[in-house]
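Right, I'll just put the structure down here and ask away after.
The first chain written gets the first letter, and so on, giving A, B, C and D; residue counts start at 1 in each chain.
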Amino acid sequence: MIHLPVALVVIPLLGAAVCVLFRRSFIAWTVALAAAWSGFAISILIAVYIMKIGTLSYSIGGWPPPWGIAYHIDYLNSFVLLIVSGIAAVVMPYARTSVNYEIEEDSQAYFYCLLLICLAGLLGITVTGDAFNMYVFLELSSLSSYALIGMGKRRRALTAAYQYLVMGTIGATFLLIGIGLLYNLTGTLNIHDLAHQLAVNNIIGSHNRTLLTAFAFIIVGLSLKLALFPLHLWLPNAYTYAPSVATIFLASTATKVAVYMLLRFCFTILSGGFIFKLTLGKILLIPALAAILIASMVAIFQYDIKRMLAYSSVAQIGYMILGISLATPLGLSAGILHLFNHALMKGLLFMVMGAVNYRIGAVYLNDFRGLGRTMPWTMAAFVVGGMSLMGIPLTAGFISKWYLVQAALEKGWWPVAALILIGSLLAVIYIWRVVETAYFNPAQEMEAESSGEAPLSLLLPMWLLVLANIYFGIDSSIPVELAGRAATLLLGGAS
Amino acid sequence: MNWVGHYNYWVVIFLMMSGFYVVISRGNMIKKLLGLNIFSTSVFLLYISMGKIHGGTAPILTDNPNQVYSNPLPHVLILTAIVVGVATTAVGLALVVRIQERYGTIEEDEIRAKDDSL
Amino acid sequence: MIIDALDIVTAICLALGCFLGISGGVGIYRLPDFYTRMHATSVTDSACAFLILFGLMLQSGFSLVTVKLGFILLFMVLSSPTAAHALAKTAVQFGIEPLLGREDKR
Amino acid sequence: MEVFIDIALLTLLCITAMAVVHIRKLFCAIMLLGIFSLLSASMFVNMDAVDVAFTEAAVGTGISTILLLLGMSLTNTREKRPHYQPLFSLVVVSITGAVLVYGTMDLPAYGDPNASIHHHVAQRYIKQSPLEVGPPNMVTSVLASYRGYDTLGETAVILTAGMALVALLGMRRRKVLPMSSSSGCGDYHDMKDHLVLRIMAKIFIPLILLFALYVQFHGDYGPGGGFQAGVIFASGIILYALIFGLEAAMKVVGYPVLRVLAACGLLLYGGVGVACMALGGNFLDYNALAHDPLHGQHLGIFLIELGVGVTVFAIMVIMFYAFASRRGHTA
């Protein structure tokens, strides 16, 4: 029981090494599946434990926290852990069929290896309580995702991966500068010790210029990683041209973990978001709103549906940052909740894209004609996912939008609430285009063998997410509870 | 405020920014990687500058008990960061080589033109 | 007395080494073509490294450092002419012609 | 004196950086980048970071330059357009730089012994590590023991890079291309004809490998360790490949062997961690490995450094093979 948090990271990491060792596609997939499921089981155990006890610490190497690297898990981490490992557990069964179709036999083992390393990196960022360790695992996950994206079939996958590599590395280097400045101020790297030292030495209160700069760099660096509006340029291409499995996994986890890092740095280190409440919240509000409006509008005009969903992701990230920038318990919990719900719905929608791509070979709007009849289950899943994205009641997306609007109204910012609703309206438009094409346009004259329902191995994980979307739309007590507790914890200061 | 005491940081910042400039102003993909390298190497210099103590020596135990050692922690962090840097360079370069094979060029505007013409 | 003599010899070695190094640099900048530049650097470079390392060895006395410097010296003496040779040979294979007696191209 | 060297090196660094910005011949720019790395390595020595200097010299000047040159030889040798959006970039860069300079205003002066960075965590590493962990080289103790988990991440990063390269570039054993033996265009296959080079390589390669082993096992007492040793060992193999041809090198150390070695290195590292857990300690708690904590630490550090060395060696050679065997390949 004590060693569980470490197993979370070490199992996928060593699993990746085993994939390299055997280099057989099937063995690699089995290893990946086992690692992902055991990871999910462990995160559930940790979440149950956290709900009971509150926090969980683990010092690696037996060195106590400020000297060695320690894990520190509280409500927020365990919530994000559930998201990441849960999505991984759903994606892995799906991966076999999709990867067989999209990746050459020779490289499949490497694909699973990189996927596992990416998973290990994301989980590693989430559990660790050490700022520099976060950087190392961030690079681990980013490096593997560059390669995953570059493995896409079309040649634009390569340029997308390269663009992501350059922007991602700039972001990570900015983060490194920020962490370095923080370390210089305090002499420590442990996140909770950083918060403590900043408070004890009265650095937070004294308007320290180095501290401000450090946070400016950390926030810009992380905004690059989480694709906040003006810095999102890498995201649409990367998600569009990556192999389906990579898109599903990255879209529903990678940006979430970056948002998590932002929360950690801004709220835990600056005990209770001290600076955040004063100025930064307002600074982040503008790009968040711009993301919601502009990215949603751009999404309407996309003909590649994967690209449309990628732009919608940029908009959804805007919602999360909006919730965070309100910096009230309600707003923050809405933002955190949206992490979870967005992972559910975007995972689902991109899975639909993977299935359509498997049958049709492309995901342009025209390819959807008549799919309502030939692929009824897949398109039904798309409808549910779309409804969740719009925020229609009885789906998961509704819950977080509801809280978000409430939080905005609570602060008296009714224009913001109105903008949230307009964003949802735009989502209705772009989802409707696809639904209309699929159900009301006559099917193309297509050869018989390419049409037909997606195989069961793709449908089952997809419908698991459909059920999750509906279940968490009706009974949202568990995520709301966790997100609420995480928000109070963040605003109440460290420990 | 001791202005002279910071010259080291400032020169390092200048180096960082020249690398950063190459990354964002050049269209050649290999040149961008060179810029990234300069950028990250300069950040390493910043870290190591922070760990330096005047009159200190390298943090390897000597016989003199009163010896002042420079801070070993930045060194460890940068060792890790150097490895990350070379790994990123290698992956970026692999992508560039593949781009050259598929597009026949590694200039970003030419690639954009080829993508748009399709 | 001996120490003084050692210091003087060291100083001479270092100064000479530095001079050779700088002259090599000037040579690579001022000389007209590939082969003359090679000539300027390769010869002075070996001698420069040798003199400087020898001077340092005199200063370090009889210790582990001297042995290490000796290894470096050995390495330099072997590798630097080899590199120069490889460069020159490749240049010839590549078809680079020396500028013979043409004063107009400087 | 230190300040004098400092200023001289910084000036040279600035000149080199500006030259890299301006030069459009990629070959020159890459060589200048190598010089930049070497200068910054000297700078690291001047700032007492000998381990970092060692690594920067081996990686920045050695491996990076080789990889960049190989990559360049597969693409273009000249940058086409000098400027892209110079004004916009200049504005962004100036703002970023200005913010950073603003941030340094409240930093303690360079080399100030009273800065808080030296007084919290670092003190324990300096005072206690020889007693708690053992190695006189504190960087090794911190790297392998206090922050051993970071180093695990670092090893995984290297493995990732290697696998990414294999996934992107493919790894096949090709027959010698007819063009490579005939054309004299500086192709490294040709170096077999250089008698002097061949003899010198035969003298040097064993020495390089020996030196790598020295660095690997001497890392506790001086600068060095698994990472540097791996890079040096790999450079020995790369030298062999450069002189005697890729085919010959692949016969000596083939790709399947390297792949297994790379995986085993990481598995060894993780295995040590798991063994520590099995023996009752925390993950990577080497104290549990033997009855005497110091012995345990010694054994643990030895093993994980070995794991790092093996993985780094294998991946560095794989990287070289991946680029070198891509020559003449068309999509």
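Everything below uses one rule, namely that a contact is a pair of C-beta atoms (placed from the backbone, for glycine too) under 8 Å apart; a residue touches a chain by one contact, two chains touch by 3 or more.
It should be emphasised that the depicted structure is a prediction, and the values quoted were computed from it without experimental measurement.
S.K.: How many angstrom lie between the CA centroids of subunit C and subunit D, rounded to a whole number?
M.R.: Computed from C-alpha means, the inter-chain centre distance equals 28 Å.
S.K.: What whole-Å value do you get for the distance between subunit A and subunit C if each is reduced to the mean of its CA atoms?
M.R.: Computed value for the inter-centroid distance: 57 Å.
S.K.: Centre to centre, by mean C-alpha position, how many angstrom separate subunit A and subunit D?
M.R.: Spacing between the chain centres: roughly 31 Å.
S.K.: Do you know which subunit D residues sit against two or more other chains?
M.R.: 100, 104-105, 107-108, 115, 117-118, 121-122, 125, 147, 150, 153-154, 157, 160-161, 164, 168 - these are the residues of subunit D that touch more than one other chain.
S.K.: Going by the touch rule set out above, which residues of subunit B reach two or more other chains?
M.R.: 20, 50, 73-74, 77, 80, 84, 87-88, 91, 94-96, 98, 102 - these are the residues of subunit B that touch more than one other chain.
S.K.: Once you've mapped the touching chain pairs, tell me: line, ring, star, complete or other?
M.R.: It is other, because the touches fit no line, ring, star or complete pattern.
S.K.: Which pairs of chains touch one another in this structure?
M.R.: Chains touch in the following pairs: A-B, A-D, B-D, C-D.
S.K.: Quick one: which bits of subunit B touch subunit D in the complex? Just the residue numbers, please.
M.R.: 1-2, 4-22, 24-28, 30-31, 33-35, 37-38, 41-42, 44-45, 48-61, 68-80, 82-91, 93-98, 100-102, 105-110
S.K.: Enumerate the contact residues on subunit A facing subunit B in the complex.
M.R.: 132, 135-136, 139, 143, 146-147, 150, 155-156, 158-159, 161-162, 165-166, 169-170, 173, 176-177, 180, 183-184, 189
S.K.: Which of the residues in subunit C come into contact with subunit D in the complex?
M.R.: Of all residues in subunit C, those touching subunit D are 75, 78-79, 82, 85-86, 89-90, 93-95.
S.K.: Which subunit D residues qualify as touching subunit B in the complex?
M.R.: 2, 6-7, 10, 13-14, 17-18, 20-21, 26, 29-30, 33, 36-37, 40, 43-44, 47-52, 55-56, 59-60, 63-64, 67-68, 71-72, 74-76, 79-81, 83-86, 88-90, 92-94, 96-97, 100-101, 104-105, 107-113, 115, 117-118, 121-122, 125-126, 130, 136-139, 142-143, 147, 150-151, 153-154, 157-158, 160-161, 164-165, 168-169, 221-223, 227, 319, 322-323, 326, 329-331
S.K.: Sort out for me which residues of subunit D touch subunit A in the complex.
M.R.: 99-100, 102-108, 115-122, 124-125, 145-150, 152-154, 156-157, 159-161, 163-164, 166-168, 170, 259-260, 262-264, 266-267, 270-271, 273-274, 277, 281-288
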